[in-house]
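Take this structure first; my questions come after.
Should a chain be cited, it is by its letter among A, B, C, D, E and F, assigned in written order, with residues numbered from 1 in that chain.
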């Protein structure tokens, strides 16, 4: 593993299988609350992973009892109390801060490697902003989630409200959880057809085991195929079908010319495990 | 409550809790069938509510045995039998009528206050056009719904076909109900994962109780937070993630500068109920 | 039935009820694997059906044990081994091939008549590209599906990745099946709320019976209403709500002026079956 | 002419030819500066004209020495000095005011009848917001224009910045006039290729003569053809070519079925003047 | 030259230089008026050229005294006089006809090879629909153009209204010519800054000479570079800057890997003419 | 001036008036050809300026005889000759490089401060990519420009093809210069109505004098007004009019609450020069 990850103080990056990284929010004494430091480290970490050929898939989770209790209100001050600027200038300063914070989570969404999020314990506020930027979400049944921004008098502004309507197909439920700011458990979500999650597990151990299996499976596949698939799915989410059909065709003008195609096909037809692939 | 609501004849507006309005279609003898008068009153009512600081959340329902049996074909004549115009001019006249009818329901969608729809009995045709324009939908299990326009030889043109694909994540089911015009019960929808509804209740009484609780909960929250959240979620439904991230950041250039933020946060951290907020 | 359908060699078109066509992939010895011939025949067939007034609804299925095992790798060579062109020119050739293949399936999506897909047995790879282009999907519970392109080292490029995010409302699940290329049964999908399917049946016989009933029901309705509804729903999937409201109003400038409106309405109000309608 | 126009106090509506209305800003003592009253009257007037079959084309101009000197700062108070609301609530109030003001000018853009603007004298600030909402702009060579909002410390927010980049093809020039807020004459614009104007005239008299001829010419044409053309051009401005090709085809599903087609064609081929057409 | 072009009866295709085709409307006795036959031949011809490696650039012009006098009203009957269908069905038939006609001209726009249009004499109605679908337009100064559809009571529906607002930067002028249907000469357009044309020539001979030089110049360049450039410019016309930046980067993932890059660069730096390139 | 600018080696940043920066490409011995170092410095410089309250407007130009001769082919190697990867992986590496290069120029476009480009001498290839990312372009009449990428066998991929169709309103001319790669002088462009430029000057001295005046004028205005105006114009370029009207209204929810509004208005009405404004 490259040395750059050692410089992270509140994020832990581990190699937990061939080409599989586990990234952990690592501030358990604070329930992994997000201060500006950890926020920036998330962005740095996923920019590095994007370019790191030793990583093909990421498991994201939180150390300790909870995935993440949201914003660390002691550690982030959106407002400068002594700011004597007029409202327009204060607004411009806030704009810069919000855009910076949004961008760090967007690095997860734009990372070329798939990111599987395993949630447990509290997953509040900004934790959901992270969740919606990941590719796959699983949780333990007793995980407690909330889009709690309404409870502090604001509209969530770092991703939840923007991504939820694109990735979950029950807008009655989206409006409910976002407007009431109520706590809901992953178990409850299960009753509603698990719109948000892929699966809900009984225990954290089972969750981590299953997610690791899934990550290893993805990591064993051709990175040309896997990364192209994430890229095109994210593109399709935002564009018309015709436009995205054109995009994938343009993408494959180069991406079909890969040794992986032959290697993977032969393994697949002979029902063998996928072979080793060159780095990407 | 402001006096303007008294002028409505087929709509009843009641204050059923602090900042909570209950709006009822009130033409029970006709199963709340929609004639042009009630259609226009719906539009007027939600335009007023949009500007009414005494209302922070709306429960919408129907008086009598049914939420709404759809278009009152005695009360709406799309066509003027004596119209001797050529087809082009007839078409232009129809265009104006349809746009007017669409606009009245769009006032619900664009209303800055959340609208919770509680459906029971028949919810047919135009009733679904209303339903898709609301924020949250609940129903009794024996509520009977249909997108019945195909059964009268036309494509539904006041909202159902336009909004359903945005708010419900099973297009097989959407195509089924829209192309067959079949009746389905909310109970049946429940089997399909309640895509359309937040919850389905056994009785109307239970439904109204629960919905009122939910409405009061939302009404107790900061209106800056609640209205911003509805606004941004609706924007996100229609725009790319990047564009909507930019939008919420621009929105919050002013909306974070509110006394609600301090009041709400303090209550939230001290686990107290949300405090009173200034009007909005 | 028009004679043109007789020219198809790997596709069988049957009239299985008034205005109901059953279209079958008919290469059972190869599990209906898709070679270039059958690919082109699919496109031809749905272009003809689009214009064929004797057809109002289509059931699509596969003859033999499986719906479709995907690409026939013996029968399709994306690459010309002797191609000595530079990579840019090879890329341009691939682009033409992919666009041709995409277009054949898009004819299903753009066909003015609804298409109900009944899947059983293997439904792999390109079979899902077909599935996502249909209007309604049903399956037997033991149908085995996979988005298997990752297993041959590529991003699926003829429709699955482009249409799935528009028609299924659980993006965790979409990413899972597309990134792992794992087999899943329709029965499993049922557990996840049947996002992809309308219904999952115990047996193929039951499935065909029920689907035929559904097709006959749709075929008995006004074709002006049915085709307008499919058209508008597909438009709404891709455009903002405001834009699609305008579109349906413009569409209905002419489409409300149909004898079907009177005939269908009278039958509907008198609770009679829908009457015969003129061809379309 | 319908009576409703008589109720306007600061706008004058005259019939200056068959089906030709001249609409004049009529507050010459104030250089036609816009207060809230005249602002609202503009919106009312163009909504009425939209539905008025006696009008087929509009000439818009200003009475007195100047077309319009912009916002009447004595007559419009965006801010309530005694407003003790927090910044978020003040922002929401401003939002409502701006949207109202935008909407009044958008009624010009959305009016189904073409609007030709004839500018002379000062055309400052909000005058340009009006100008960009019209279909055709002409001016006298000594007309003085400016996008002057930057000079009062704000970004213009009622249309100029939104529409200029869509209707003028030299963005260097757009940025120049909007960022410097400098005065420029129509004569100067002429040197730059008259991007903004159709023509620039030596005198106001010549301008009005020529514009009236042009308006009469348009008014003599089939209103089905003319109004359809404005509608489709405005649609094309905002949508992809493919989407707008589909739109005009859908529009013409009804609009080609008009008696005007026969009447106009016969006149056109026999080189006769266009015949009288039915109202629209 | 391939034989297929010989089958065209009303279109003449000639090889007028290496890789340069001249395509001529060839029905001079009718002023190249467009009947359904020539309409379809235009579509066929440009589909073939798209795939024809012997053609790298096209000059499009008209034989005889005029480029094209528009629709041949004797040769095209949009309406079937004996059609007893209701208006909705008539509308659907018209829709198919219009879409077919649009598509034939869109083949010019989508053709991978640049198309230079040289106009002279009358260029009326449908001639402008063709013109807007070409890449570059030149004309003789006495060429007479008009968007004459308003004069036959309709909105132009095969391309002019859809493409003009995208390719010409003076919307006052666009609205003028489309709403008045007036004749204008290319010389007059010149006065307005030649928005529509690249150049306006004194004589047809000079025009053809200059256009042939220009075509030969383009034909001598790398077809990878030229066709990529047309492709990306057309994409940029329709998409946001960010989206189109992403598109060209994806396109160049394969298109930079061409022998043309080395060959062309070396010639360019040594100020030699461009060398021969492989076919495309 | 902040110290960070001193670290730039190939870019010179000077303060040439209050709040006016002059940024110069400073590699005159190489005609300011762009190697990777200067490319990155451009990005860094405009990111810093975006946040630098001492700068309100930028003049961008080139030191020495030419603005910029384009890509330094000695200094940029897009390809690694020893790269033994398959074509798919090579494609992905190129994608990263192109996106990095695009992003550096996009920082100019996204910089909150207006950028005026003054071009002289050679302005070739990548120089035009820079030019299209600026707000205002001026040139000396003998400036020689070309979109020369076609001459090296490629489609330009760092901005020209993406931005030109948005900022210049004569697509015949855009296609001409991009497809022929021909040299054209700013003087020639002048003949075509100066679509690309604001003005064309006889001498470089005159150009710099005039541009400096213009920059000082902009710098004297309220930065709230100026920066808001650039922001909204760029937004309007990419979005529908309705969407951008909503955007500017949302922007002004905070931006109208500025002391600049009062100060600027008072100066404007009393015909005084604009007063000093607080930093932004």
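As a working rule, a contact is a pair of C-beta atoms (placed from the backbone, for glycine too) under 8 Å apart; a residue touches a chain by one contact, two chains touch by 3 or more.
Keep in mind the model is a prediction, meaning the values are calculated, not measured.
Residue contact pairs shared with A-E exceed half only for one pair among A-F, B-D or C-D, and that pair is C-D.
Taking shared numbers over all numbers used, the chain D to chain E interface scores under half, which places it in the different class. Between the CA-based centres of chain C and chain F the separation comes to 48 Å, rounded to the whole angstrom.
One finds 33 Å separating the Cα centroids of chain E and chain F. Annotation: 35 Å between the Cα-based centres of chain C and chain E. Listed for chain E are residues 87, 90-92, 166, 168-170, 193, 195, 224, 237, 242, 250-251, 253-258, 260, each touching two or more other chains.
Here chain B touches chain A in the complex through residues 114, 135-138, 166-170, 193-198, 214, 217-218, 221-222, 224-226, 228-233, 236-237, 240-242, 244-246, 248-258, 260-265, 268-269, 274, 277, going by the rule given at the top. Contact residues on chain B toward chain F in their complex (touch as defined above): 239, 243, 247, 250-251, 253-255, 257.
Residues 51, 85-92, 96, 224, 227, 254-260, 278, 280 of chain E are the ones that touch chain C when the two sit in their complex. The touching residues of chain B, when paired with chain C in their complex, are 73, 78-79, 87, 90-92, 94-95, 98-99, 102, 106, 109, 148-157, 159, 161-166, 168-176, 178-182, 192-193, 195, 237-238.
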